[in-house]
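Dropping the structures in below, format is structure tokens.
One chain, chain A, appears in both complexes that follow, with chain B as partner in the first and chain C in the second.
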Partner chain A sequence: MKAKIIKKTDISSFLDRLVKDYEVFAPVEKEGLINFERISSGNEALFDCPNTKMSPKQFLFPQSETLFSYSSTKDTCELEVPPGPEKPQLIFGIRPCDAMSFTLLDKVFGGDFKDPYYLNRRANTIVVSIGCLSPKATCFCTSVGGGPFSTEGSDILLIGIGDKYVVQIVSDNGTKLLDKKGLEDAGKEKLDLAAGVIKKTEAAMNPGVETEGLKEKLDNSFDDPIWQELTEKCLGCGVCTYLCPSCHCFDIVDEAADSGGKRIRLWDSCQFPLFTLQASGFNPRPTVKERFRQRVMHKFSYLLDSCGQIGCVGCGRCITECPVNLDIRQVLNSIAQLEGVK
Partner chain B sequence: MNPYLPLPMKIVRITVETDDRDIKTFSISFVNSKDEANFKYIPGQFAELSILDKGEAPFGMASSPTQPECLEFSVSKIGVLTNALHNMDVGGTVGVRGPLGNGYPIEKLKGKNIVMIGGGFGFSTLRALTNFMLDEANRDNFKDITVIYGARRPGLLLYKDDLEKWGKRSDIHLHLTVDTGDEEWTGNVGFVPSITKEVAPNSEDAYALVCGPPAMIKFTLPVVEELGFPLERILLSLEMRMKCGLGMCGRCNIGSKYVCKDGPVFSLAELSKLPHEY
Partner chain C sequence: MQELTNMIREVARDLLKQKSVDLIIGFAQGTMPLCSTPCFVRQDDEVDRLIWDSFCENNLAKYLVKRSNKIAIVAKGCDTRAVVELIKENQISRDQIVIIGIPCQGMVDRRLVESALNGKEIQEAEEMNGELIIKGKIFEKVLNRDEFLCLSCKTCTHRNPVIYDILVGDPVTEIDTKPYLDVAKFEALTPEEQGEYFSREFAKCIRCYACRNACPLCYCQECFVDSSKPQWIGKTTNASDTAIFHIMRAFHLAGRCVECGACERACPMGVDIRKLNRKLSKDVKERFDYEAGLSLEQVAPLSTFQPDDSEDFMLHP
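Moving on, here comes the complex of A and B:
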């Protein structure tokens, strides 16, 4: 692997140099919450911190965005698509789990139909991730094809070794970013250290969910009464879907103003009853049971069919933030242990 | 090309279809001739019809591409958008995004006997397909054409001009039925499934296309299967709540299939592999 080395104390000045050419977003503590914010100097960024409350999907797929604005008179109507970002953006300090979610979003928004809003942002985004040295008890990235040092979706991955980071270059964009930045090559000794850190961290992770054979079990469990039991305490609040880095369902609405308006799209949630309510009054997913089942099925079965990838990166946000402690790992393990379902 | 941008269109004709005035057919034409040239569709496809400030919703195209002068959508007055549409006049501007969805499998239908069974408002894309197949340039590509179409009462049958024209032709078997007749009604009285049983279209070398309200579909499918149509040759056009129409927004899926992108037309064989959530 191509890798450089940087001292942790040099990160701040390294970011200072990037702020000129990029909109840089990094974890920042604000009112007791750690979230990605735009930074104007390197010393604002946190890097030895727990993962952010909100996922970084908002940088590629904002919670609300204008598809076009319109101004109409009786005879004419002009549609105007908002211009793309002026500067490319750089997301610093993203976790490997969250970075991996971008590879799923790439497939969803760049599949049969191309979503110009997403793809334009994606093409103008550099992802610099930091490997997780101390995954939480609710993390299960290794169960879903990722890992605390996975490079999926990143351009550069930083691996902490003592007072330095090994800077692993993952993509051409990563190479370009580090061009003429004067970083030393990481020698064999540092790379061995990094490999040791990765091995040790992965070994210390909680066993999460057994995904071997899970899809088939799920597909066969669709009509099983266990779904009623599993979802009894779900409030349908949808926080799991809003915080999830992989969830990507949206609504499209018009926002009228005096002499025009905007057609906007907003995050939506499969957990809400109106999500699938038809004009006739028929709702194919009428209760919490069907809606919760849809969320689990979409992530662990349907997306495997349509995109070849699970719609979960094991970040654990849906576990830590659920108001009734519904744990997706327990749900999946209950399905995996169903007797009589192949 | 940005798939979210509606193409501007003008309403050129409004036909009140039903005696309760709740369903109107809007005939609309493109404002820009370039858009018109690019808009190539087949029967069974749909489009997102929109009014700025009110939003957009998917509707099956009721017109046939063999009648290129305008697109037609039959719209039932039910929500914000459809009420706004019903209040519009000829000359008004609407937006269209599409064509979307797979449409009826025209190539597979060629050379076959075609049996179309429709009920109520669900008849619109079958009307499109019928007009397509009856077009001079296409009629020889299909064998026998049978249409069984029902509504609750005579005043709720759509496309009366078409029904009259088809009734006069010898190359289409038309069976109209109503649940309850009136003094003037001389056609069949009875539900679509029982009329289908009576008509008993031959299933040999034939496709059955079924479109209508859930209750009609539920009781018609067993009849069609009993007539010997294999699951691969029974086609349904499904409806779901949709937003993007592009397989992204996440609400119209049945299992891993999106009704907007993989459908709306599915064979019963395909549907039998999916969870029953529609």
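Moving on, here comes the complex of A and C:
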């Protein structure tokens, strides 16, 4: 493992130097909400805070983005694609769960169909994550292939040991970022301390959900009446999908006025009735039962088929923020415990 | 609270046994501390899932619409007001429901409690004699529950059920509060200040529609924001589109909003959604002497017309 060492008190000035070359985003408290915001100096960033309300997926996949704008006259039509970002962006202080969601988004937007908007942003993004020292009771990253110190999706991972961070370099981009920054190598003693912290934190995590054999259970329980029971309280709002770091479904709309307009891509939610409403008026997912089932199936079955990865990173946002406490862990465990279903 | 829980279960068991209802909608224990969750009981052996505590914050009237069977609903003051409105608006018939009314002492806002703990995680919580005993990994704190009530409960003037078939628990004293004091304060601001306030609040909105979907009176078959022919408003979080969504929703709820605050509690982003609704409730109260959801007989002012209605807003040539 390639790793450097930095004092926690030096992080702020380290960020100050990065602000010159990157658009730096970090957790910031604003009007009572902790969210990733653009910072202009290191002391604005929060290091030891609960996970952000919104996931950082918006930096790769914004809630709404103009794909192109157009204007036309009687004889001409001009298209304009918005220019890409001027500076590369650096997301600092992201949690390993959220960073892991980027590996899923990479597969979705960079698979058979290459999405230039996403890929351009991704190529211009550096991810510096901070290992999670205090996973909440609602966290279950270890159940879905991640962990509080997972390096998946990160370029650099900071592991807190006392008053210092072990700076683990994960990718070439991470190496480049630390080039000529004058950080000392982390010696064996510090690495051992970091390993101890990781082990202790992982051991203290809640059991979460059992995902072994879950896909088969889900595939075989599509028509099970339990879905009615599990989803009866669902309000059908978009909280779970909009706050989720992995949810990535989108809609495309045209906003037109007179002879000009723009085509916009925006987040969509499988929980909304419009998501599958067909032009004929028929809706194959007419109630919250079919819609919530879709969310679970997409995450824990279909994405395994199409991307080889679960569409959930266990961040727990959908659990803590659901207005009616529809807890995805309960849903998954109920399916796992179904008898008579393979 | 345990006493109320036991009484609710007893009532529920009787109703199911006598086959008076097919379904009981109440609350069950949630999966997090300080959290209860809506619960649907159809069988005798599920009755013990029902509970009552200070975290029964959802407005269960939401679940009454579009049901054809006979339902019992566990209802606080605000839930009963929503039931009244739904009956008046022909969304459910009175003889289809059995209202188990619960005098309410106000619900505790989990987020307020969390914010008083500076980000420390609550692992366990207990309620005892008006106090909340909060335990975390390395702390224990005792809080006065009344200081952590939901905002809507602090201004509530109808804690007791306004309509019920079975009353569980003793009626509570209504809060002696000057109604709409918060709105009056807001009205005293300049229009610019008011505009700035709303711009700041709506900027937080992510258009997840949790407010609309949690609202017991938002039951339109097709919400105007979802209409595509014509498309009334844009779908992005553009400031004017978001503002139109909130303003139109508030107007559609004028004279109908029962001020339960379900919208605000459902909002993940902490948008002050009630401000607009409260302002309109105050206007309706002052102009028509009407409060939504208080009686089945009183005619809803905005869905009726009388020839001698004041029409001073008309511009005569």
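Heads up, the rule we're going with is that the second predicted complex is superposed on the first by the 339 of 342 C-alpha atoms of A that agree within 3 Å, B and C clash if a C-alpha of one lies under 4 Å from a C-alpha of the other, contacts with A are read in each partner's own complex, and residues count from 1 in each chain.
Here is the rule we go by: a contact is a pair of C-beta atoms (placed from the backbone, for glycine too) under 8 Å apart; a residue touches a chain by one contact, two chains touch by 3 or more.
Predicted model, so just to flag it, every value in this text is computed and none were measured.
Judged by the touch definition given at the top, the superposed model places A:Asp251 against both chain B and chain C.
In the superposition on chain A, A:Leu243 makes contact with chain C only, while chain B stays out of contact range. Applying the stated contact rule after C-alpha superposition, one finds that A:Cys77 touches chain B and leaves chain C untouched. Contacts of A:Ser306 after superposition: chain B is touched, whereas chain C is not reached.
Within chain A, the residues touching chain B in one complex and chain C in the other are 251, 253. By the touch rule above, chain A contacts chain C in their complex via residues 31-33, 49-50, 53-54, 63-64, 134, 136-138, 229, 232-233, 235-239, 242-243, 251, 253, 255, 264, 266, 269, 272-274, 319-321, 323-327, 329-330.
On chain B, the positions that touch chain A within their shared complex are 2-6, 8, 52-57, 76, 78-79, 82, 93, 214, 239-241, 243-244, 246-256, 258, 261, 275, 277-278. Residues of chain A touching chain B in their complex: 67-68, 70, 72, 77, 79, 81, 108-109, 111-117, 222-223, 248-254, 256, 261, 263, 268, 270, 275-280, 282, 284-285, 290, 294, 297-298, 301-306.
On chain C, the positions that touch chain A within their shared complex are 30-32, 35-40, 58, 62-63, 115, 119, 121, 123, 200, 204, 206-210, 212-214, 226, 228, 234-238, 262, 265-266, 268-270.
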